[in-house]
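If you scroll down you'll find the structure; I have some questions about it.
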């Protein structure tokens, strides 16, 4: 299995996910200012999801850079991650259309939770294949950032039924925390050179 | 004809197929739990199809790796395969929307059957071009796995009208059998090195 | 301007065009055999268009292979071609939905006509940039195949209002004539090596 | 961060944006000539947007060619640009459906304004990273072309509420001005060789 094709396929899927979300912004009937009021929550969910997919693309790229041997397990762990990310346009539109009401908010948080778990599993699989002394392993260490994110999304799922504003806050906060590319990997890659 | 462009085009088409399927998961009206009940069969068909396209991407990659000369016949055998796979989002949505009722279940099985035949034909064309002693030829041998799959899908088409649960079972079973990348090709490629 | 990016962008656009056409095959209501009767013309137009886009991808690839310098004129001639091809999903769906009635049949033929003209112009621009002795120039010569196709599509537009079966026949006939990759270019490329 | 992946991802997103716009050209009911009358404004907006995305793809390519180090800031400035361009299909369809009425016309101009600002910011970030003597910096100089375009789009937003024909004229005029690839960069790149 060739690493560059894994990258190309993942890039393709992520580029399509981030772009087709706009198709769920159904063209509004009417052309007056109330349109923006009605579209408001949809745009908010669109912006958040756009940023999330961009973050995943960016961090995914850094992670795959450390891969030397693509095994069947890495391949399927990667497909598993793409599966959950492929559901982002769906929950984005559902949450936006229902003004982030309870269940759609929980579903949105749940998909982010599962994507984070899939990302965490993918990192574990890569470390398993490449050993404890590999670039990724020493770079992410115990990966508290990944684990905290998972815990955060789990909280967001729960709070969707109690106080959805907190769910939204958690999701935005985690996005901000990940906006900065994972320099740990970049640093370790440089050290190796 | 350049092999890397054949790969790039096929990758592109497969990445788009696997991603646009989510657009057929129409955003449900309402935001209560009955939504999941209504969406249930659609999600099941979505998951199965997602796995199928991922399997095809993976195995297609292995097969094309053995190609040395891209001829017109390989090109059109490949386009023929992409054609049937391009119909997967359509039958996925139709089967999901009708809770896997008779005809949609048969259509779903039929598209998988034709894709499997197209895949089989593509392998035959590649072997014809590259000779009996080529990597692919010695790797797949008589290709009982491909032939059994074709027979399985044919059965699934027939059972759709008798006992559709069996059709679904066959389709899932074949997917599981193919989940593991075709190590035969990888092994032969390594031997050659 | 880098030739490989021109190829990558064109490949991407063509891969998306060929794949999103399936989204216009709206999921039918109902699950009985009358569905196929209703979908019949749509499938026919889908198959024809799928083959056409595949032909364009294949021949476009051969033509671009002869390009050495990408100029602004080549770039915009290429974008012009992609524009007309981007309308293929639209006229495909419109013609299919109206059972190839007069106006949609004429529109379908017209888009193919304009794409053929755009392809012809692109070849002329490439020859202009690379000279009379270039690979493409000696390979296509006076390009009677391209000119005959243009004439054929023009006839198909006219016949759409008289006897639409002839339009459909012309379109299918030209597709068959182009199914075989343009060996003239391949041969000339080999001679040069 | 690898430059070729940044290019590949941007190319992918732009190729998808330019192609999915056709999905917003909803298939018309009916097959008589009035269809074209109804579709008229949609086609006009489709053509303008197609040209705009092609221009962005072309100029983006030239700009990225000058990049040597991809930093986090370049990455996010690029994502910011893609975000605004991703909204082009939405405002295209909205403006087309409402025959370029006030608010949709203003929204269309506003998205082009924000994309132009994002493009300007991206160029500034690249210059900051690469220094005052870098290729891009000496090529674009004070970038009066970028600044004038931004001013033009701002005017187009305002005129949408006064005399929308002027907005449309400004947008078309700026497109024409950018149709020619930015030779300044090409020239400077050649000088360096």
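A few points about this structure:
Labels A, B, C and D are assigned to the chains in the order they are written; within every chain, residues are numbered from 1.
One rule holds for everything that comes next: a contact is a pair of C-beta atoms (placed from the backbone, for glycine too) under 8 Å apart; a residue touches a chain by one contact, two chains touch by 3 or more.
Every value quoted in this text rests on a predicted model; they were computed, and no experiment measured them.
Residue numbering at the chain A/chain D interface overlaps only partly, since under half of the positions present are found in both copies.
Relative to chain C, the chain whose mean Cα position lies farthest away is A. Chain A and chain C, compared by their mean Cα positions, are separated by 38 Å.
Averaged C-alpha coordinates give centres for chain A and chain B that are 27 Å from one another. In chain D, the residues that reach two or more other chains under the touch definition are 8, 12, 16, 20, 23. Interchain contacts close the chains into one ring where each touches exactly two others, per the touch definition above. Applying the touch definition to all chain combinations yields A-B, A-D, B-C, C-D.
Of all the residues in chain C, the ones that touch chain D in their complex are 1-2, 5, 8-9, 12-13, 16-17, 20, 23-24, 72, 75-76, 79, 82-83, 86-87, 89-90, 93-94, 97-98, 101-104.
Those residues of chain B lying in contact with chain A across their complex are 7-8, 11-12, 14-16, 18-23, 25, 27-28, 31-33, 35, 47, 50, 54, 57-58, 61-62, 65, 179-181, 186.
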